[in-house]
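There's a structure below that I have some questions on.
Which chain is which? They are A, B, C and D, in the order written, and residues in each are numbered from 1.
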Amino acid sequence: MEALKTMDLNALLEKNRAFTSLGKVANYIPELDKANPNAFGVCIMDLEGNEYCAGECNEKFTIQSISKIVTLMLALLDNGKEYVFSKVGMEPSGDPFNSIRKLETSSRKKPYNPMINAGAIAVSSMIKGDDGRDKFNRLLDFFRKIMEDDSIDVNYKIYIGESETGNRNRSMGYFLKSEGIIKGEVEEALDVYFKQCSIEVTAKNIAKLGLFLARNGVTSTGEQVVPYKIIRIIKTLMFTCGMYDKSGEFAVKVGLPSKSGVGGGIVSVVPGKLGIGIYAPALDEKGNSVAGTKFLEDFAEMFDFRVL
Amino acid sequence: MEALKTMDLNALLEKNRAFTSLGKVANYIPELDKANPNAFGVCIMDLEGNEYCAGECNEKFTIQSISKIVTLMLALLDNGKEYVFSKVGMEPSGDPFNSIRKLETSSRKKPYNPMINAGAIAVSSMIKGDDGRDKFNRLLDFFRKIMEDDSIDVNYKIYIGESETGNRNRSMGYFLKSEGIIKGEVEEALDVYFKQCSIEVTAKNIAKLGLFLARNGVTSTGEQVVPYKIIRIIKTLMFTCGMYDKSGEFAVKVGLPSKSGVGGGIVSVVPGKLGIGIYAPALDEKGNSVAGTKFLEDFAEMFDFRVL
Amino acid sequence: MEALKTMDLNALLEKNRAFTSLGKVANYIPELDKANPNAFGVCIMDLEGNEYCAGECNEKFTIQSISKIVTLMLALLDNGKEYVFSKVGMEPSGDPFNSIRKLETSSRKKPYNPMINAGAIAVSSMIKGDDGRDKFNRLLDFFRKIMEDDSIDVNYKIYIGESETGNRNRSMGYFLKSEGIIKGEVEEALDVYFKQCSIEVTAKNIAKLGLFLARNGVTSTGEQVVPYKIIRIIKTLMFTCGMYDKSGEFAVKVGLPSKSGVGGGIVSVVPGKLGIGIYAPALDEKGNSVAGTKFLEDFAEMFDFRVL
Amino acid sequence: MEALKTMDLNALLEKNRAFTSLGKVANYIPELDKANPNAFGVCIMDLEGNEYCAGECNEKFTIQSISKIVTLMLALLDNGKEYVFSKVGMEPSGDPFNSIRKLETSSRKKPYNPMINAGAIAVSSMIKGDDGRDKFNRLLDFFRKIMEDDSIDVNYKIYIGESETGNRNRSMGYFLKSEGIIKGEVEEALDVYFKQCSIEVTAKNIAKLGLFLARNGVTSTGEQVVPYKIIRIIKTLMFTCGMYDKSGEFAVKVGLPSKSGVGGGIVSVVPGKLGIGIYAPALDEKGNSVAGTKFLEDFAEMFDFRVL
């Protein structure tokens, strides 16, 4: 992308770093609380192989909810879209990510979408494998392949914390089991889920994930790892449900398929053009990186990269 | 009670037996499904030691939700009312017994009352003891003391069934844990809960429980096992919340503190006068014994036993 | 009641007057806001014709939600209980008085009970008459007859305020209309409702209402104005739903059928014995008179007047 | 668009006409019920001025909820986006179009988005004018200008029907008034809303509206009637919330910003390329044209017109 070459990425990042002071680092696990609230890193990769990075783009953080889109890709490859979407819907819910009420009040009797926790846990239960260990190993390999980084691994301190504090997610898991959405063991599904959330990445890793989506499922070696028909589902769900219950506002203000995590990461895609990885762990009240969101507003506006 | 001596209990029972055909036996556990849908037994005990029984009043069934009032008595003895009601409310909820939504949407952040499953599980977690086994053994002894029958025990087939199909209750348990309502292990609390629900009784046992409440906490030996101040809490909660989300209508039509269970039992109290035990496993859509409810309407009307 | 003669009512009232400082006077209408937050009056009447009053028991205030039980009596006389309860339920809802959500989410498709606003508006729409004016006049005459005071009338300043600020009630009215619960004109039903809420009374008038219920529908002249079968419905609904979403706690702590209003009034009944009228306009967060509730706890405890 | 010239639009339409038998014509107003359930018309217009029509594309129907996007454009022009979105959100709600519960349970205290009825009524209340008549006339002129057809007008039989059966909408209106979302008279806002829903159009008119959006707010005369910044908000809200509580699934399957109405119409936009107008009044259970949706799936797939 020629356009990007003229951009002063450092200036744009520093301009938005001030917004980190408006958010709060996630602290439901003590380990997460150690993040530097003013950290801010951005990495942008284009299809020609150029890379533009600024700020703390090599700092490690846990991928958290961004993992939901990767797991969904493997679950779709493993089970087909008919099966997956017979158990999980495609509708934005308008509720917080950890909400359980619609499982009960809705006539759908399935989680509204794979981006809220209930839906994501259901999706994690669909990963194939001989046992829980095998299932997660297949998933971890899939993360490494897509992000093209074999060193990617779980942060086990965070994982232990997720599992110990994960009773709301456990509650959802057993609800899903009682409704027949989860077929196997609830604890096994939760274990996959807690581990995938605890995978440690950098903004660069996340940009690579964005690039993979921008290239419609092809890695830099040219391998079509995920078919286009799955990628477009992923991008659409990111657009309609990727930013928790602020997805609608984000779609209006930024207009790019994106997914955030409470670790402070955001992956954003300019289809056919760019993958963007962001790290800024100070979160707004919905769980989205404040500075990351503000940066994307500026960036999308500057180059008119919106898809609509 | 002189009045009762002239009553033809058999005729009143047989008149209402027809209503058993309007209900359905609980079948969420295969073992429960074996109950005879037309079974109907009534046992009435007065303070003078008279006993009036008709129909299948020696048939065994599981106590199910009727156990909630017994466990609540022990939890109040073990912890005091301030502690217990800091974790569980006293308000009717208007929702079905297995509803989870108000745990999320209410600002109270505690189960509405001890008669819905979420509240009852919280109460079961408060029973004191060295470990799960000890806790349940203390509780079982308490059941035996109050019902004055040392042969009362758990139906282990039903218990296994409750535990295996109990994922909705498990979901509630972990939700309560995540909100700090349950202090110890969720599975231990659930185990106590599933076991107490699986205690096997007859209509006679249930009548004895009613008599214990009618006598304000005194057994036939004259021992004050539970103080009056606790008994009146129990009777009031039975009146406002004892018949699932049909409690209000039942209060208007029958007007006696009562508690039903999906095993087909109902305990009913004429304060200062009678204890009533009923067994008729065909249930209405809310989970209450159809014939049992109809019998109580007739019975309360006939003698004007209503408390209001 | 001999027992009452020994009681120092003034002392009991003054002991509880301190609680007025813990509440707030209703202010959704400017006119209501003029009430003295420390006002506190109690009037108790027994079946023998004795009257015990203390504090500001002749101060005027608007009856507000206490009117719901009077209107319900006339609606039951006008339409029969089958019709009335085909449109309004008998279940406590666990929701605030002005809540609308259960009208939508419940499968019942009718207001949970006649004590929440939605149910009360439905009930007001059932009063018979040639037109709105005639309907309200019949209702006002009924209030006067039961309270045995022909001077009782509407406070028109408050009525105007109720109507002007009553858009939440108006919203409920049109919802009820769309569900077929209200048959006639919504504005006419609302007009009856706003006027009945604006009827001005004293603690003495309220005690007379309580006495009427304690005497099972008979006035001091011996006339049976309302049959016993209706009175017992009223007392039961007061017990299960009379104190907004604090009814369950109130039933445990006081144990007497009662109904409160945001004007600061409470009517309480000791069946077969006493009618109690209270005025103390400082309200708790649910809308109940703080000092009034505390007084009733003491009073019921002192004489063990609880019905359960 | 050269590509379209080779398409057999008639064949594609007839292939999907069978789906009309799977839906039902709206019948909440008798007048709507007169529509031919098998009617199906499609009109496609490109930026070069070509027009491709098939089936009943000149049949008249009421625009219904499609009007929401036109009114929103004028409200944004009249009031600016800061004001409009201070009163109405941008989030998909996951609830049916006529749902009221989230107005109560959400902490937002404003309608989730302008595409559900509550939000749309709030938006209609923002149209400027001297009085109700003037407000609607300004709005009607705006419809005519955008659709470039001065003969467009209200179907007054339908309008009367909307107003007479509109008590659920009236209920929402008064709720919004009580929350301060609607500033003026509720009935005036509702009158504008009922009239805009009753505007009569053809598939051709709707295609013109789509073309206007595809051209980013410019009419065929070259006039920029609505600025691009507003158009992109409209397109985004159509994408995330345009198809009632099936918007998420539609976004995955079709992937084009679209808005449906219960009159059977759908407007769809291929940004920068095409405007599409559809009429097929047999609706699915969510209120979307069945055959229209199926046609759009085929059409978007055939030319890979998806925006994601």
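Rule of thumb we're sticking to: a contact is a pair of C-beta atoms (placed from the backbone, for glycine too) under 8 Å apart; a residue touches a chain by one contact, two chains touch by 3 or more.
Predicted model, so just to flag it, every value in this text is computed and none were measured.
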Starting at subunit B, fewest touch steps before arriving at subunit D: 2
Path length in the contact graph (subunit A to subunit D, fewest steps): 1
A-B compared against B-C, more contacting pairs: B-C
Chain separated most widely from subunit C, comparing mean CA positions: A
Whole-Å separation of chain centres (CA-atom averages), subunit A against subunit C: 54
Whole-Å gap separating subunit A and subunit B, where each centre is the average of the chain's CA atoms: 47
Computed distance of Cα centres, subunit C from subunit B, in Å: 32
Contacts with 2+ other chains: residues of subunit B: 105
Which pairs of chains touch, using the document's own definition: A-B, A-D, B-C, C-D
Touching residues (chain side subunit D, partner subunit A) in the complex: 89-95, 102, 112-113, 232-233, 235-237, 239-241, 245-249, 251-252, 255, 257, 271, 306-308
List of subunit B residues in touch with subunit A within their complex: 99-101, 103-105, 167-168, 170-175, 177-178, 186
